[in-house]
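First subunit A sits with subunit B, and in the next complex the same chain sits with subunit C.
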Partner chain A sequence: MIRRGIGYLIVVWLGATANFLLPRLLPGSPVEFLVGEESNRLSATQRTAVLTQFGLDRPLSEQYRSYLSGLIRLDLGSSVAYGKPVLKLIAERLPWTLLLVGSSIVLALFLGFLLASVFHWAESKRTSSALMSAVIFTGSLPPFWVGMVAIAFFAVTLHWLPSYGAGIGGSVLRHAILPIATLTLGYIPSVFLVARAALEDALGEGYVALARSHGAGPARVLLRQAGPVAALPLLNQFAMSFGVLLGGTVIVETVFAYPGLGLLLYDGILALDFPLVQGVFLLLVVTVVLANIFAELAQRKLDPRLRA
Partner chain B sequence: MNPRRIGAVLVAVMALAAIAGPLLAPHDPHAWVAAPFQPPSASHWLGTDDMGQDLWSAWLYGAAHSVWIALLAASGATLLGTLIGAGAGYLRGWRDFAAMRIVDFALTLPTLPLVMVVAFYAGPNLMLLILVLIFSSWARYAREIRPQAAALRDSDFVVAQRAMGATEIGIVFRHIIPSLTPMILAQFARLTQQAVLTESALCFLGLGNPRWVTWGGTLYFANARAAFLGDAWVWWALPPGIGIGLLTAGFALLGVGQPRGAALRAAMIPRGPAPEPDADHLLQVSHLDAGYPGAAVLEDLNLHLSAGEVLGLAGPSGAGKTTLVQTILGLLPQAQISRGGVWLDGQELLRMPERQRRRLRGREIAWISQAAMQSLNPVRTIGSQLREVARLEERLSVEARVSAAMEKVGLPSALKDAFPHRLSGGMRQRVVIAMVLCRHPRVLLADEPTSGLDADRANEILELLIHVCRERRMGLLLISHDPALLARHSDRLVMLEGGRIIDHVAPIAATVRQRARIEPGGRVLELSGVDFTYSGGAGLHDVSLTVQAGECVALVGPSGAGKTTIARLALGLLHPRRGTVRMLGQNLATLRGKALRTHLRGAHLIFQDPFAALPPHQRVITIVAEPLRLSGADRRTRDAAALTALAEAGLTGAYADRMVDTLSGGERQRVALARALIGLPRLIVADEPTSMLDAARKGAWLERLDALRHAHGMAVLLITHDETQAGAFCDRIVRIDEGRIVPRP
Partner chain C sequence: MRPSLIAGITLCLCLALTGRAAPLRVSIAYEVGNLTPYTPALPETLLDLVYDKLVAPSPYLGNAKPWLATSIVPEGSDGRTWRIGLRDGVRWHDGKPFTSDDVVFTLRYYRDGTPNRWTHHVSETPKLTTIEPIDRLSLRISCAGPCPLFDRVTAADLVILPKHLWQSVKKPNLYRGPLIGTGPYRVKELAPGRYLRLQANHDYFGGVPRVDDIIISFIRNPSTAFAALSAGELDLVAAPVLPELTASLSRRPGLALVHDDNGGVNAVEMRLNFDRPPMSDPAFRRALAMAISPAEIVQRVLLGQGTTGPYPAPASPWTKPGIRQLGDDRATAAKLFRAMGKLPHLSLKVSSNEPLHQRAAEVVVHQLKEAGLDVSVENVDPARSRALSVTRQFDLLIADVTPHNLADPDQLMESVLYGYLWRYGVSYPALEALVRDWHAASTPQARIEAGFALQELHSKAPVTLILYYPRARYAYRPAAYDHWRVTPGMGVFNKWSLLESSAQ
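And then the complex of A and B:
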């Protein structure tokens, strides 16, 4: 267990180091990244001043050490575009993203599992094949496109729902509906595929046959026999694809101008706001590691075979 | 309506658009060819955008861009993932550890943000985009393929190749990669899907090169340039999204496994009225015709069972015993029942509505399956599973009935809170029987209730079952492929053969043959003072064993005693911790590499499971000729020798070109025998070679081995748990128990 913890710590450290090295290795002067678009208008003296201010004239190892010590103190630097500390910006935006991602994950897990159960319950092969093709096709639609079309349809044409932002107080829910729906729609197909396969494996096992021989109907078999067993791979899958889930969040927030971390990252990239991008990216890496840890602990708790 | 076929069609159409698109496009997508915001028309199928550019041409160019990038990225990711993932799983050790740490790291990087960040730092560069797509997607695939490669490394047919002296590289290219190909292809489809979506997302976010014509880019411009202010979004924004959707869906459907989804369906109802039953029995099957599409299994089958009677049903594997049982219970949705009837105490079961039939299951008619090991739900406690069954009966309290049932089968009540994986096979079988006892069925269908258990346990379980059935006046249908077992325990014995019930059973006689004495010509196998331990603790202690040239020695003992370990030591697949193993005069520990591989050709190992011991993707003649191929013989010699060996093993030349996966267990074990003989080894080690064959085939296979042994003067070490076999075919019996040789009394 401790070995895994150290492993994860190493991963976070590697992520931070990659973050550090990337801008210094790729083409372009760091000055452009640090100051933004106005770097073109700087004179040579001003450029040198910028470099000194950001410590870029110091040797690489020294820069690295101060970067790491800054991280440990949770000092992520200051955003160029917003002029505020990066940590503060992240703290402001984090709850919105949590609302979006949290609701979508819960909804997608529930609906995906439900659809997978329906797939196995269906009487005719045609129904189940059609269901699978429909779910796969839905999952193949690019989420940014779905978001755009949803806005065009529900907001612009029908005027039912607001088209951007997060709202305040009571209208938060109305603003959140379309983004959550779009994100959930994007997650459901992968949950469905994993749940379908896991249920299929479970349904082929001896204990399902035994339960049916004792008179269990499809509902009881799915809920009490196959379901609990199929939940385990689903948890595993959730952890493995958390990185992908976060990518979807970035897109949806961008399309809906939803003030979360994804939009922050996107704006930062467009504004060439180097400290902000670094900070948000590192946070995303840490989040994925946390999700992995959570899934592993949960699996250990839920699967009696692992509780040696 | 096959999902895979739909996927193939979609991909083919899109591929066509990709290749032919730029040629078919009526205009240059960058050129201003018409008035802006034109709706679709004959000259502009998708209308024009806000700068008067033709949207249909843009769509075709976008198709080409997406398809090419996706295929390149997916190919790179598949190659990288296969090398690292399969390599790690197969090679193990530090390479596996290092590779998996790299995979872990790659997996924790959030994909799209990473791609965005790199695009941000490096600018829009096509080569870099493809590289980033590769590096962000290979890890998940590597992690999924690794356990498959690891499992293959230990599968019997791969071990067989090593025992024959094949090189690791040879094994990888001839066996591992072909076995992994289906998974590789499925993953390639998934990776393509992912690449299309990621790449279009990138262009949509404006991180691509504005000069490229891409679907994502078109949507970016639609968003940025006010397509949504009017109706223009319908013909501007919808088609690219649909294009992405169709292309991605095509690959996704291709990568989908064949969904079965039939597990919970009700069995079909046969046409026509039921034939009248002959007499008045508790359970009666009459004139049953059942089978699967393309294969009739049961023909005009008649069977009856009375209260308190034990009816033994014998028959070779594949005869249809399990099909019969499942049809009676109505649990076989894939079966086609064309005729016949099943009555339980006067009620006809096949034509009964499913809901009503479900009520009978467990209450009136119960079932015990073959593999008790897998009949219990692994994530629920014993007690909870027993309670669930007991709750279905109304009379006594649940807890009381569960406790009574457990006591009856001899299980301590403390086990109620245990999970199935903690129990041995025998105990799990008792739990399954206890479940039956929680209620009071009149008929029990016991399908091979003791397979997988050793002789002592098997007898105990059977005696328990029969005692219970007599006590409760239940009718017991006892199915087994072992006629001796049935003869001992049943009141009446019938046989299922050729789809019908036959009333008599041919007597099984163990023939004790006169064996010609073979002059001892030296020792072919000698183990002296061998110690070996597995990491779990079990192993061999101070084992000494000798096999002389030309003799047949039986190694007999219960399961887990160490017989397979000795087989592996003899062929140099394992090395003793202490003591020596000499095979054909040479100490195996002193040989390495090519010398060892060459020396191994003097012996051959035959495995227990005929379905795992032969490479699943090769033809019979290739498999049989393998030992000669490894010693460098040319094609013609090999083929001729293979045909001879096949004939000696009892298979005609027609088998030579067949794919091995079309053969039955008995046929496969004869192929294994041919493979063992072709190199004319001096020693054959046969590890339980007939335990998975039917009684009828066992004797025949061993007789053939015996005859060939005499003809070629080979020594045989026959590992078996069957004393009768040992006595009938071998010159000498060596007994082993718990890792030690049992001294002769």
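And then the complex of A and C:
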């Protein structure tokens, strides 16, 4: 367990280092964003005056040391684009993204698993093929297109739901419905494919045949015998995709003007906002590591073979 | 009767009597993280809602009138010294009186402190050497060289900050103090990533704003913004209507369009990197200009909703009348290219988040191909596009060009000196003589004429080609507010749309 913990710490350190270096490999400097085209005419002293505010005038090695020591103190520096502490910015935006991502993961896991069960339950090959085609088709739709169609239909035509934002003074849930639905639609196919394969494996096991021979019906077999076993790969799927989904909300948040982390990251990249970009990416790294630890612990709990 | 019912009826009556209506809902295409002159990429129109300048509305049309100032008059005949008189009775939003100390502080802070987008107009062109108060409501400034357009250009460029809040600020980009100006609106709430709420300043010296409460939402995707307007969730989209949406939005019940009849001072340009061959050759730049047909771009990209024109903006009084941009002569361009022998393949950089620019790029490549020049489009992300533009790592590049570059006579000199139109130090004797003339010009007319000469020289071997001037249209909901008017270079969502006409 200790070795495993050290491994995770090394992963976080490598991730933090990559987050520090990669944004700095992009062409340009934050000065161009802060001062615009006029940055061409700045003297070296003036450029330094701009960068000093963010500690970006120091040599790279010094910036790196400061970054690592800041991590220990939970000080991620100040954002170039927003002029605020990065940690505060993340704290302002994270809840919105967690609402979207958390809800869509739960919904997609439930619906994906349900559809995979229907796939195996269906007697007719035509039904399973139709289901498979429909799910693959849904997964291939670009999220920005799904989002815009949802806005055109549910907001502009039917006036049922708001088209953008997170609401002003309430109605937070109503504003979240379309973004959550768009994210969920995009996530269902991957859950479905994993659940379908896992169920197929589980349904071929001897203990399932034994249960069937004792008179267990299809529902009982799925829910009590094959379901829990098939849930294990889904846990891995969840751990692998949580970070991807967290970072991948950029498009959905842009389409719905939703004030989440994805949009913040997008703005940070456009502004060459090194402190902000490295802060958000670090959060993604830590989230993926934590999700993996959670999945590992849950698997140990659920699968007696791993405890042995 | 139940107490809650009585309270409800009372509230309704109060609202009806005071005339308070629902907030005006406006969307802008960028996020406002803060609202100071040091907030990056913040348009000055939004800044102008909270702060004021000495003269207004802008430096672009030569029509700036005293605003915070009551007079700006030259002293002496060398065009270097100005005496500025200020309005009496103006107060900052926190109630403190506005005085000459605030103006002196602001000009010194811009000149000596951390640079921002505007500071070069007091630290460089022109360079202010003396900034001193005379009394509570007047001050004197002097420039290192003649600054004959200070009253109409420089004074119209810079918003004034409150000394009592900013004097101890050492890191202006990190300022998180109160957002206090003298302008027509106070900042009521800034919800991160969501909206900015402004409340009318009822003590405003320019008159009480027509709208009491404005909620400004941040919607980057124009399709979402126009969908929200169509769905009745917004009253104005402050970004221009996309050409392909104009017809459908104009037919939609409850919506109307307002457009700019005065001719624009915003454009889309193609820059030619004069640091790289063959663009460093004036003959090549002339031939390339001849190969371009902007009228075709206006038709194909803007669906006819724009005009063609030269650099700088023809609508600006600072632009030489009758100046033309070479173009529409592909046959001659082809001959000239052939005479130059084998020309290298060129790359045309365009930002990946600008669909209109990308369409324009495809038309340009087609036109250049017909003239015999091999060019390909390279899409780059917006951050890289900005970096390549500033560091001049491109052959050809399509970008927006702002009123600041198209219609500001002082900026013309900055452009010539620091890389936009030329870079001082790269040999160009004819240009160097004109730059000296420009700096020596001590009367407004002499300075304007010197600017005309620079523009004329540029037009002969241009390093920027204007592809089009969009005829911007703005969509709004007249039932919510019907006094929108376009101010050139400032769009529709600006303080002049929200004040009584007499204020301007």
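One rule holds for everything that comes next: the second predicted complex is superposed on the first by the 270 of 308 C-alpha atoms of A that agree within 3 Å, B and C clash if a C-alpha of one lies under 4 Å from a C-alpha of the other, contacts with A are read in each partner's own complex, and residues count from 1 in each chain.
To be clear about the criterion, a contact is a pair of C-beta atoms (placed from the backbone, for glycine too) under 8 Å apart; a residue touches a chain by one contact, two chains touch by 3 or more.
Only a predicted model underlies this, so the values are computations on that prediction, with no experimental measurement involved.
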- [ ] Go through the superposed model and pick first if A:81 touches only subunit B, second if only subunit C, both, or neither.
- [x] second
TODO: Please determine whether it is subunit B or subunit C that touches the greater number of subunit A residues.
DONE: B
TODO: Return first, second, both or neither, reflecting whether A:269 touches subunit B, subunit C, both chains, or no partner chain.
DONE: both
Open item on the list: In the overlaid three-chain picture, which partner chain does A:151 touch, first (subunit B) or second (subunit C), both, or neither?
Closed with: both
TODO: Tell me which partner A:89 touches in the superposition: subunit B (first), subunit C (second), both or neither.
DONE: second
- [ ] Identify the partner contact of A:177: answer first if only subunit B is touched, second if only subunit C is, both if each is, neither if none is.
- [x] neither
Open item on the list: If we overlay the two complexes on their shared chain A, which of subunit B and subunit C does A:254 touch? Say first, second, both or neither.
Closed with: both
Open item on the list: One more residue to check, A:111. First (subunit B), second (subunit C), both or neither?
Closed with: neither
Open item on the list: Touch test for A:46: subunit B only (first), subunit C only (second), both, or neither?
Closed with: second
Open item on the list: Counting contacts the way the document defines them, which residues of subunit A are shared by the two interfaces, the one with subunit B and the one with subunit C?
Closed with: 26-28, 33, 148, 151-152, 156, 254-255, 269-270, 272
TODO: Spell out the residues on subunit B that touch subunit A in their complex, using ranges where they run on.
DONE: 1-3, 6, 101, 104-105, 107-114, 116-118, 120-123, 140, 143, 193, 197-198, 200-201, 204-207, 216, 219, 222-223, 228, 233, 237-238, 240-241, 244-249, 252-253, 256-257, 259-265, 329, 331, 355, 358-363, 366-367, 369, 371-381, 385, 388-389, 392, 419, 421, 432, 435
Task: Of subunit A, residues touching subunit C in the complex - done: 26-29, 32-42, 46, 49-50, 52-54, 78-84, 89, 92-93, 96, 148, 151-152, 155-156, 159, 162-166, 168, 254-257, 259-260, 263-264, 267, 269-272
Task: Sites on subunit A touched by subunit B in the complex - done: 7-8, 10-11, 14-15, 22-23, 26-28, 33, 119-123, 125-126, 128-130, 132-133, 136-137, 139-146, 148-149, 151-152, 156, 193, 196-197, 200, 203-218, 221-222, 224-225, 228-229, 232, 240-244, 246-248, 250-251, 254-255, 265-266, 269-270, 272, 277, 280-281, 284-285, 287-289, 292, 302-305
TODO: Quick one: which bits of subunit C touch subunit A in the complex? Just the residue numbers, please.
DONE: 27, 31, 33-34, 38-41, 113-117, 120, 124, 171-176, 191-195, 215, 217-221, 223-225, 227-228, 230-233, 381-384, 386-391, 393, 405, 414, 417-420
